[in-house]
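Take this structure, written in structure tokens, and hold onto it; I'll ask about it next.
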Amino acid sequence: MWPNAEHEQTVPLLRVADLRVEFDTARGTVEAVNDIGFEVSAEQTVAIVGESGSGKSVTALAVLQLLDGGRIANGQIVWDGQDLSAVDKSRMRGIRGEDIAMIFQDPMTSLDPLYSIGDQIVEAIRLHRKISKTEARDRAVELLGQVGIPDARTRLRAYPHELSGGQRQRVMIAIALACAPRLLIADEPTTALDVTIEAQVLELIRDLQRQYQMALVLVTHDMGVVAEMADWVVVCYAGQVVEQGPAGKLLTDPQHPYTEALLTAIPTPETDKSQPLGAIGGAVPALHEMPPGCRFQPRCRHAWQDCTQPPPVVRLDGGRSSRCWLRAPAPTESRRAEPEQELA
Amino acid sequence: MTEYVIRRLLYGLLVVFLVTVFVFLALRLIPGDVVRLQLADAPGVTEEQVDRLAAELGLNQPLFTQLGTFLADAVRGDFGQSFQDGEQVTTLIGERLPITLQLGAMAVLFGVLAGIPLGVLSAVRRNSWLDQSLRLVSVAGISIPNFWLGLLMVTYLALLFTWSPPLVYQGPTEDLSSNLVHLALPALALGTSTMASIARMLRSSLLEVLHSNFIRTVRAKGASELRVIGKHAMRNSVVPVFSILGLQVGHILGGTVILESIFGIPGMGMLIFESVQMRDYPVVLGCVVVYGAVFVLINLIVDVCYGVIDPRIRYART
Amino acid sequence: MSTLDHRPAGTGRLTSFGRGLLRFARTQPFGSIALGVIIIFVLAALFAPLIAPYDPVAQHRDAIQLPPSGEFWLGTDDLGRDVFSRVLYGARTSLLVALATLATGGVLGSVIGIFSGYFGGRWIDSVLQRVMDTLMAIPGIVLLLFVAALLGPSVRNTIIALSLLVIPSFNRVARGQMLQIREELYVTAARANGCGVLRILRTHGLPNLLAPMLVVMSLMLAIVMIAESALSFLGVGTPPPTPSWGLMLSDGSRYMEIAPWMVVFPGGMLAVAVLAFNLLGDALRDFFDPKQIR
Amino acid sequence: MSAISNSATPEPLLEVRDLVKHFPITKGLLNRTVGKVHAVDGVTFRIGRGETLGLVGESGSGKSTVARLVLRLLDPTSGQIHFAGTELTRQRPAELKRLRRKLQIIFQDPFSACDPRMTIAQVVTEPLEAHRISTGKAARRTAAELLERVGLAASDLDKYPHQFSGGQAQRIGIARALTTEPELLVCDEAVSALDVSVQAQVLNLLRELQGELGLAYLFIAHDLNVVRYISDRICVMYLGQFVEHGPADELLAEPQHPYTRSLAAAIASADPHRPPRWDRIMARGEAPSPSAPPSGCRFHPRCPAAFEPCTNKFPVESTMGERTVSCHLHDAAEVLSHD
Amino acid sequence: DSEAGKEVKQLSGPPQPGGIYRYAVPSDARSLDPHEQSSYNTHIAIGSTYSKLVDFKTGPDIPYASHELEGDLAESWQQSNGGARWTFNLREGVRFHDVPPVNGREFTSADVRCTMDRIRELPGHQVNLISTVDSIETPDDYTVIFNLSQRQAEFDTNMANHFMWMLPCEGTRGEFDLGTQAIGTGAFVLDKWERNRERVLSAHPNYYEKDKPHLDGIHVAIVPDQGAAAAALRTARIDYLSTLSFDKRMVDLLRNQTPRPRLAAELSFSPVRIYLNQEKEPFDDLRVRRAIALAIDRENMLNSLRPGGSSSAAVTPKLFGGLPPEEVDRLQPYDPRQARALLAEAGYPNGFSAEMIVTDGYGETVVREAQWVQQDLAKVGINVELDVQDYATYFTESWAKKNYEMGFGLQTPMLSSDEFLSTEWHSEGARNWYGIADPKLDRMIDEQRPMLDADEREQAIHEIQRYIVKNVSNPITLYLYEQQALYAPYTGGAYPHPDYGTRHLADVFLGDEAPGRG
């Protein structure tokens, strides 16, 4: 169980705890998410970061009960005091779009190519609001204007393929905002976009979040995005949360070797060009061949013998926590491995 | 779009022209003397009589003159007269084509009406026993020759229910209910493979679509499963189904000979079959031209339908 | 790594073939059963002379239309011929026609399609495709009757006629595939690596085309087998007395009520074979689906 | 147009002059050409031996097209490409094939660049066999050596591409590119698809190889931090043209062209104390279509500093030391001191 | 079913008037013009619409396929001048159907002349039937006299031929289209003809036989598929089904189902034959031809593949001059031993190989029979390969052009012995596509034609056939088979004739249970 972060609010809007998600594959059952837990409060921005395959999207989809072929094997997803894994289908449909909205990773394929964007926005509105088509269209125009698409009324008739990637992502955002949800989950909303466009889209999300007073779960692998957007950061590795904490502290003073390594692996304008980058050796382990004990241990430069046992989630000050033996309460100095001993 | 249609029509004309020339030449290559065939049971036919008849039928002219004449007339909508009975080919085809088209339409309708629910059910209940049995049914539908189905129907309906289809074909304007009852069984037999192909195709394309990102978007909006499938998934999976229909048209228009004979339907299939057998060149040619034109047209319609269904295709073509 | 070099050439492939087969058996139970059935059919056809108790054309005139018995396992037909022996030999004809049609029509159609696809958009493609359209716009029955009338009914000519019928379908699929493959990044990579057109077609075009074509083939096989029986039904297919399933089916259809064994067995075999090929096709499609390979 | 000056004054490995590529837009009955996509519209640059030139720009600005033109995977509409002293655009296929040994490319998506039905051995030995350098066991031995060189194991030879992770697959691509001992390696978004941790590995590997083998890179990416890290010089592309060019650090530290400034401003940073970048970026909206590029300066519709001449006059290239920029703000006298 | 096996009898009289008689035929006429179409389909289509001068007798007391004649439009007729002048006295008051442009006017000798003139103008088989006619006299409206160029004993039989329908002058003059309309003097009026669908006929109110026809009308459906036709019979959609090529047992099955139909086996006049091209080796050798004739187990074949029938020599037994089947069997027994001996004698002790053409145009059974023959011949060492051709090729390219070695097929029936002999076996016969050129045979055929004494002529024709079997042995007639017809139990008065006419429908009537009555 993840320790409760000391947020200002007492009751979080969304609480995910001990989440485990399994998929049945040709190679047997795999655990895409092993142990992920975090909390989001109103108007707060939580960033979930981690490398590809670490379970970010699966977690996001699990919240909306949209796992395609997967099942929640363990854990709770509590929305506003309600366990979502227990609610019935029609209630869940009511929550989707109305309370929790989601923007997906790939704007190119996330819109139905056969319907005009107007139809798709109107659909999102009318699924939850008993209003006429014309009213819904007016609302759609308004939404398109808010997400910065000029000439919105004529644009309603446009089909997704007639729009650029940035515009499509804006349409996705408009759909997500259609019913003014209380929580927006944005799953890598900018990975497919150009840098200049990316900045604009993030700015838009940020502004809208303020305007609508939404909570935001931002899934990303880009530390730059995290730094700009997040209040709270959840770092995932191989289906587990390895560290979480307030953004400012986590980025400047990482408490898990993985977070630390990740930060040094990213070139920045200040990176010394004459030195090799601080790469993490090896690759993320495949789901069906997870190492025992700490999942990061084969790539960790600090790994030592304890790491073959599952590490505890260690609660640190400021609501932070880290899943690492190094932060465990009583490690004796002597048991530490030489930091120099690299595992390539 | 109009430009696209015109372009396709021109290509279609070219195809119909090629078909005509090809069939015209092939007809002359196959053995069988139409003149003697006509005089078949008349012993004592003299060479003069043979020559006279040949001249009457225009068969004594050089091949390319004949071809030219045929094409020139055909452009004016005149396909000549049947060698057999002097009937205008256009009249003959005019009588039979609507019947075949109706039969084909009914078969396609059945195929679509039955195939789509089967495909959807199969896809939605993927890997369930229902899916497996539906898949088996649809494969079986492809495996059973349609004429065989027709034979079984006729024989066993009579045996088990003392019921047989009407004997005399009635046009829809003469007696609609008799017409529909008469065509229902052959349409069923003919449409079974269409149904099976549609069910299979729809299943696989639906499965693909159901796992696509935009369907997830629709679900995330809070749409019901009915809406997800009925409005979004279906429309997106229907293009391959349409292309199957385009291909099946040839199958359906050309594959009815045996069924027509089983059910006593005076359609194009029998006409083509008999005309080839009797070397009735004008009729064969007329049929082939009309068939080619229908084929081209239907495929054009199918392609235009793609455009209607899919704005991307519409866009790409204008 | 030097140890690797001493591995006899080909072993890698063989084992990977074996591994593939195992994976096929594991992931495609229906397909494996179908494959088994087909292998049995092919073996039965090949060894028909050894298995068949009687000469398939020998008429036992004191045993006309007898129901299945110890003497005639599947009964006899209207000329007193042993249905079991005829079904066995019929498998030869039917499978031969089907396979040979695919070998000629399939290969020809594919070659035209590959060629056309590789040069997609150029005049050669246009010309070839118009010819294919033409072939497609001629009613199949006319095509089949023409060949039958022109060359006379025979097994060989049935194969020719059916080949003409399937060429456009194969062309369509092969061309579509080739157009796609042409745009694949690995083809660009191969060009960048200095591969010529022929090498690209051979090392990238063919192998990547093979899987989808194999699937089409198994499906077309069903169509061909059905068409063969329709041809026999119209009297322009395999000439008697050579047995083929289609011919037996059409012969027996008149006796459906009094001698059902005359149609049940060849018809059943035909249906089972077609079913097996269809299931195999389905299985192959799933098997070769790159999403499944992961 | 003036040639871009180059620190490596001796004969450069690659010299591209006034390269143009237009794709026709066809339509209608006779496929008549109704327009063209100005994918690359007159670019000029040089790469010296052992040097890395970074190429950045918006999506669709023509970076990949430049890469393909350099490799002669596309035929240029006009312009020249000199590679190792030979004019590539005029070569016959056989000669071109010989020259290609020295020119290789790595693609963005390592998986789609490998034939899924080939083993790694087949993938890596393909160039060897195509160029008849070696075949069979000898080729296999070379392949095994190269795999180890890029950090994979010889035992991986009989595996298939899909059995590898993205970073490993990209190493396979690199190994394949190295088989013919090239002098220039074009990396078209070679690390863009990789995870950050793996991206660092591959970048390190590329630098290592450059050091050992004296390779030159044409390095295309959209992550400016990555480009800056690996490149000596950077060219900035906008709608088929170069708008700015110069030494990597300098160019990003003091961008001159408004578009470059916009790009530089959009660089993300994990430093939580920097002000949010959307307050810094200047280019609003999205790039116009390359089939109908704007008149005058192509950037002017999005440029916050655009003034009258920008809308109708083509900006002239101004050179200042190692840097060049095409912008009316820098015309003639108003040189780099402007800021 | 306790009634199984019990023979169903035809309804006995007195005939009840009324009802629609419904039956199915496998294919339709292409045209109704009897002079343009020689096909069976055309002639049965118009067979009860037109009348002839004379016709074959049918009825409850007349044996099936009798060649005895009775007057139809002619009340009486005589020959004179030793058979060179034939006078027909027409019935008075015979009226055509009341259909424009004929409008029910009276039939007169002028119509006979119109018809004869038309026959002479057009090519076709019918010309041969009146080839001996020199001139026609019509002294009054009810008398027609034919003057022949030579004596012809069977001229009246020729006039009973189905080609000799008497057409109205309006038709021959082109005032209506003979191809699509048939306006005659027959018992039924053709009300509607929808090609390939159905023919609808109604009773001719002014038919010359006062109380006939009994039926109100006839509906003929075109049903190409036998199975469908059988289903229709089973479900009482039709009252009568003919020319079945079903197996006997299949027919028995149908017969034992309700409503239990009555089976009528009617001997076909189409001989089943093997024919040989005497211009090719080894068929130029009589011993080879004879060996082939002796090698066929035709009785077994007839009973296995057909529902039964009768042996036949050149002239079918029911015709005047037909050789009795028992004698045919004696002359041409099944004797493979001797066949082999003959082959050895001819220099083929190990047999030989040859190709035999056959067509499926006559139905599948013919192809089956060919396979039977193939096996029989194999037993004596003749290795036959079947070449199944489509009808057009078979007929025009192979048979008529003597482009074959052996052939197997049906011969269209002829209705007189002279027609058989002179067209097929005479060296100058129009259909002698076998290379038969036997001067002695030619002489025998020429000599029988003018013989007026029936006995003498019959003997001569028998002699010719004996000669053909022994010394020509080509075409080798195997047998005539029985055509089966099934009648619903509530039908009566059906006594057909194997010629291509359907005049007998005037006698048919329906019982009370007939669905066609409601």
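All chains are identified by letter, namely A, B, C, D and E, in their written order; residue positions are counted from 1 within each chain.
Following the convention adopted for this analysis, contacts are C-beta pairs under 8 Å (C-beta built on N, C-alpha and C of every residue); 3 or more make two chains touch, one makes a residue touch a chain.
Keep in mind it's a predicted model, so treat the numbers as computed, not measured.
Undergrad: What are the mutual neighbours of chain C and chain E in this structure?
TA: Both chain C and chain E are touched by B, going by the contact rule given at the top.
Undergrad: What chain lies farthest away from chain A once each centre is taken as the mean of the Cα atoms?
TA: Relative to chain A, the chain whose C-alpha centre sits farthest away is E.
Undergrad: If you tally contacting C-beta pairs, which pair wins, A-B or A-D?
TA: A-D is joined by more C-beta pairs in contact.
Undergrad: Using mean CA coordinates as chain centres, what's the chain A-chain D distance in Å?
TA: Once rounded, the distance between the two centres reads 32 Å.
Undergrad: How many Å are there between the centre of chain A and the centre of chain E, using C-alpha atoms for each centre?
TA: The separation of the two C-alpha centroids amounts to 91 Å.
Undergrad: What is the distance, in whole Å, between the centres of chain B and chain D, each centre taken as the mean of its C-alpha atoms?
TA: Computed from C-alpha means, the inter-chain centre distance equals 54 Å.
Undergrad: Could you please state the distance in Å, as a whole number, between where the Cα atoms of chain B are centred and where those of chain E are centred?
TA: Here the centre of chain E sits 39 Å away from the centre of chain B.
Undergrad: Can you list every residue of chain E that touches 2 or more other chains, as numbers and ranges?
TA: 227, 390, 392-393
Undergrad: Return the residues of chain C touching two or more other chains; collapse runs of consecutive numbers into ranges.
TA: Residues 145, 149, 253, 256-257, 294 of chain C touch two or more partner chains.
Undergrad: Residue numbers in chain D touching 2 or more other chains?
TA: Within chain D, no residue touches at least two other chains.
Undergrad: Which positions of chain C touch chain B when the two form their complex?
TA: The touching residues are 130-131, 133-134, 136-142, 145-146, 149-150, 169, 222, 226, 229-230, 233-234, 249, 253, 256-257, 267, 270-271, 274-275, 278-279, 282, 285.
Undergrad: Help me check something: in the complex, which residues belonging to chain B touch chain E?
TA: Residues 30-34, 36-37, 39-46, 49, 53, 84-86, 151, 154-155, 157-159, 162-169, 260-264, 266, 270, 277-279.
Undergrad: Please name which positions on chain A make contact with chain D in the complex.
TA: Residues 51-52, 164-167, 194-200, 202-203, 206, 221-228, 247-248, 251-252, 261-263, 265-269, 271, 273, 276-281, 283-284, 286, 299 of chain A touch chain D in their complex.
Undergrad: Which residues of chain D touch chain C in their complex?
TA: 68, 71, 73, 93, 97, 100-101, 103-105, 107, 109, 112-119, 122, 126-127, 130-131, 136-137, 140-141, 144-145, 148, 154-155, 157-158, 160, 162, 176, 180
Undergrad: Which residues of chain C touch chain D in their complex?
TA: Those in contact with chain D are residues 1-2, 4-5, 9, 12, 16, 184-186, 188-196, 199, 203-204, 207-208, 290, 293-294.
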